[in-house]
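What follows is chain A paired twice: with chain B in the first complex and chain C in the second.
Moving on, here comes the complex of A and B:
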């Protein structure tokens, strides 16, 4: 399959990209790394008139470190993070997650913002960043807004972005040095999309104890206060299985085998956070 | 052994161009005026065609069945009794019978534009019930694929040898076993460029195919051309595995189109076409019972096997080769006294099933080896003990088994012993007792198989398919500068024949392999051949090259003796020279004499000169039997169903190895495909007959991280009937891994009472089996 005929623009600044995105006379699609969009174009699952490539916009590749957070430009690649080009404020979590995304060839081009906007439930960032408590910075024609990441993804391949809006960056809180995290995903094979993801973050100094079950049929399932879920002692046996299963069932993840695999992923993420 | 002859671990000559990106594949070919073709394909599995609406703006760029007047459908009939023939139209007429069947052909300067045009064509289809389940398709209530058949059975076969003597056996193990529908996945898909030459009145088809002469015969038949009016060129081809053995409807369409439109036309298969409508294979179902005594000796096998053949019988192998072969090869390398097998080749609304590396063997090995392990568990002995009791023994060779297969040579029990020792089963048993610290369960599994290769006329005439192999020919030609050209009708697309056939010629003539050119892949330049399939090339084309080179040696010796002023009885050919007692003369000088200085030739010189086409067939053409025992050690994660292959041993006997490095490559590649069959690859269909995997994101192939390096141990029992004692080994690597891995998984899950009987063994199937076992235990 070959894509339909489309025009291509590669603006140099955010305002120009937003202006192109606001055109209502043509179907516009924004492309960052293109690692998911490329195949979708070829399969004609999307048939844009205009492709706006945002990878030439310098400010989307910026990384800004602050006292309590870091802001990563949406066009920073997975490989940039994997290779340590982004300062570490997450006790190594970002770097570890990045290094496990797909294959190196995909990581070289794929971007953190592109992954979030694509909103594939099986992708790594949406689950990992949800556990880290990240916010998405969105630019529109008039204003900039910030959305907690739980509110950004609306469903499978759906986000909170309005027409003409772009994700410019992701703000991630700085973890305290005592924070512990665990990330576990199951894949049929290396580099494939995850079948199940479990993420766990415990940062007592910031009063954070959060668990996420990802690679579901939709948005990640968040346990914003996971203290009851993980139970006393944080041992694998202490996990409140019923609470976890109820959470999954409430989100439409009802198949018992799927539940079992997701539960195992979460349990292993917690175990990793506890150093085992 | 010389440094370049039989047995040398020579680097592959063809890799110099292939690894530097200088290969020339069909999609690399450029022709002036070339236009691209995209097909409109059926979106439904089964429907009556009410109409095809082409917008007026594109009416000159779109062709349908109505345009292709006089073109005959593809028809591959088997001579087996009761076979029902199907006619596969190049473009659908009246009915569509699978998703992806060709309905219209669109032409444009680029593929993208051709797809644009294809998207404007509207199909008016009257949907019919889809036949998607081969077992249900056997019922009289099923919808019919081919209305005039009365049922959906291409062919039913039945054999019974003394099964009544086994029925009272004390141990009886029955299992329902299946292998999923799969897709062959060569790096390069199919593709073709067709050109009509007005001067020669000849159609040239450049095709990514592995059997160019057979494609030519089939294509000429469909288009109503003399065979002399068709030339098929298979340039560099990126893997075949059986998919490229088939004459495609797309190729017939392109041939017809090139004759109509006066410019070259091209179709390059994309991966979606390839997965959903092309390279399907392997879908088998077995109801199989093993009978044994209380010591675990196998007394009989009773089996009903069903193969989902898809909608049409493909040319040239037909829709029944797979299932009919099941009946003859199911007994494997085992000697037991009673056997019954009934097989069905069933037509369904899926694309035709095609022969894939190992063909039916992967399925039968899976079914039989799983039953042997089930018997071992039932009786309470080690699986290798069950096998050791019944494996054909070296002192029985040559051995005719219960289905009259003629085993030529080998020491099968030794391959089993070595595999058991190498994987160290006693150590595994100790480790199992101790348990794994990570909570996983480990298990060990075995599978032994035999691989009949290069079987010829005496085997294939019985199937009665459109092609029966006979003598294989090769042309050897000394060039005036002392080089050698070898012209062969087989095709090399990964097998390394440009190297190994040169090694054979070197063995006879001693010419440096760098000066030996293997010409293949062009019907205008090579002797007729059924081509590359059935692991036959080294035996057949290798034998023919040897025979042709011996003829050249004989003729060169005569000329050389004259030039050396001695008698021909006093010279030998070796090291690229004719050597006499008093001196020697190079084959180059002899060639120059024949071509350019004939005044110096002996008066009784052979007028055939230094070029000879010789046909070859082994002394007995019932096939060579190579074999192996595979042993797998796996770890199963019972919580998430993941399987890791911890160790894998292959003890293989491929007869004389012409180039052991290439043999290792064949085994590694086959093993990787076997791992795919075992754990990953599946082309699911829904009840509407829709294929559910259309990209490699849905259709999983094992990657480097999923395929560990197997430990390969070679035995080398020479074949008694072939030149140099070679045997075919092209397919074996892909045959046993599903069985060995499944047996290992079942061994691991034995404490839980779970058993896996369907490939691929996915995490979900593992967890379902564990859950089932848990339910039945409580």
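Moving on, here comes the complex of A and C:
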């Protein structure tokens, strides 16, 4: 089981990577840690002419902390976040999510940016960062643009990136110290693709109360204002099941058993946010 | 070929490698270090785990070229390693191996866990070792062995080492190599000969008789046309194919039989299925069945599917199309794919199909050309374009005072 023959480039800076990505005479694929792309290449599901390795670009491994946010370079790995090499602005949420992604050997190479660009619905970051209200920083030949994460993923393996564009980093807002969050995923086997993901974030000082249902087979389902969903009691038992089911049905997640599993994940995420 | 220079078990190695060579093949085939085992070769089993820059990575999904300048340690490199020696003794004592195939990977992941773990709790060890599979299922002994080494070291005052001591950011193995440019990359010619030949082979109905779908789902859409018109349209195989994104027909096509190909693009995955199908129609019940099979020439995925459809008159000029899609996938796409993803892709395909059928039945010129392959971003923009066009039309009507229509 070997990939098709391809050429390899490892540019030293962003401009060179973007220039390679814009080539339209060959099929170009950007690779970071390659932990999702590697299996697909080995299975020959992806057959590029040129692989552009962006992990030598120092700019993509930078972490910048600001007063109200943190910007994590796209080539920072899950293990880097798990090990606390990235300042914590999310009351421990980033670290907890990172430590539950696949296995340590995968986390040592898999990157936060690569996970988002791969756009697998069952991946952890797309759901978790949607709940945290992150933005994706995209570099193209002309300029830099920022896209709220809800608008980044278009569907299974599809994103808003245009040809030649690269994700350079992810900006995550700083939570207030009173913020509470919960993350729960259901996997058939520990570390495998999630069957259902529930994320809940409540940050009253910033007027944020958001719930996300992930691993839906498509884009995550976002409840931007989850106050009605959780009710005044703020307990997992108070979850408005009809509202949650309607949200899932509207997004094409119609199977009642699947809905039940996703409901359970969300309920457990809310319970975790409440400290149980 | 690309030049790569790296350190393996303390020895500098300079080599020219094909970029597609993964690290496991490189160390096994060119360095004769065959202690690293290959199991699944797509990052699931953990048998190929080696240390890169001191931390475990899966060598089957890490390309050798990406490790330029890195320090690699294989199982052979742990001979004089303290933790390695303790783990080997513990594995022997606890009977933590049977056939031994997973053992090099177990020792690599186990060593990393021994260095990092705060406490020797069984649950934590089981979670941390879940990426290494033992097909002899000797997990009890493996967990006990690792547990005893962690407990022993912590009781001797050796504390945990966060991140196994690695502090550099970015994928393990990256950041050492010089930039590698590209000369001229010649576009590989995809061999089409086999594909064209396969397209001409028709699948016999009796071959299709006995198969059961692996998965199935229901889907429906509504067309704003009378049931008789929709029924007639569905009888025109060529016209229907024109509405299916990525589909094109070959010569061998009639009212009961269709042959051709279908291109599907999902993110970086591109597949082109060549195949044929038999068509059955029952005018009495306004229902039909399309039973077909196809094969992708590039990655050899095969598919078999049956679409049952039924038309229901909702009103004089509205028809509901109910679909039941059953399918079976075999080959790499099946090995990788999960049924929820197939469902999402099929739903998008059907949505575009419905849009195209509606347009063609309405005599729209935009549907005159065959639909391009399914592409989510293109789909998004086509929906957006339709919205803008609709708004524009409304504005025009208002401007000319023809708001009544």
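Here is the rule we use: the second predicted complex is superposed on the first by the 276 of 276 C-alpha atoms of A that agree within 3 Å, B and C clash if a C-alpha of one lies under 4 Å from a C-alpha of the other, contacts with A are read in each partner's own complex, and residues count from 1 in each chain.
Here, a residue touches a chain if its C-beta (ideal position, glycine included) is under 8 Å from a C-beta of that chain, and two chains touch if they have at least 3 such contacts.
Predicted model, so just to flag it, every value in this text is computed and none were measured.
The superposed arrangement places chain B and chain C in clashing positions on chain A.
With both structures placed on the common chain, the touch criterion links A:3 to chain B and to chain C.
Once the two complexes are laid over each other on the shared chain, residue contacts for A:193 go to chain B and to chain C alike. Of the two partner chains placed by the overlay, neither chain B nor chain C lies in contact with A:101. Contact with chain C, but none with chain B, is seen for A:20 once the two complexes are overlaid on the shared chain.
Looking at the shared chain after the overlay, A:32 reaches chain C, while chain B stays out of its contact range. In the superposed pair of complexes, A:157 makes contact with chain C only, with no contact to chain B. Of the two partner chains placed by superposition, only chain C is touched by A:111; chain B is not.
Look at A:261: by the touch rule set out above, it reaches chain B but stays clear of chain C. Within the superposed three-chain arrangement, the count of touched residues of chain A is higher for C, of the candidates chain B and chain C.
Taking chain A as the common frame, chain C overlaps chain B at a single listed stretch, which among 22-30, 148-156 or 202-210 is 202-210. In the superposition on chain A, the residues of chain A contacting both chain B and chain C are 1-5, 39, 43-44, 189-191, 193. Of all the residues in chain A, the ones that touch chain C in their complex are 1-12, 16, 20, 23, 25-27, 29, 31-35, 37-51, 53, 55-56, 58, 60-61, 63, 73, 75-77, 79-80, 83-85, 102-106, 108-111, 118-119, 121-122, 154-160, 189-191, 193, 216-218, 252. Chain contact summary for the complex, chain A toward chain B: residues 1-5, 39, 43-44, 186, 188-193, 195-196, 256-257, 260-261, 264-265. The touching residues of chain B, counted against chain A in their complex, run 110-112, 115-116, 119, 270, 272, 639-642, 680, 694-695, 697, 700, 702-703, 705-706, 762-764, 767-768, 771. Residues 2, 18-20, 22, 25, 41-44, 46, 49, 52, 55-58, 60-63, 65-66, 68, 109, 112-113, 126-128, 130-132, 162-163, 167, 169-175, 177-182, 185-188, 266-271, 298-300, 332-333, 335-336, 338, 340-341, 343-345, 347-348, 375-377, 380 of chain C are the ones touching chain A in the complex.
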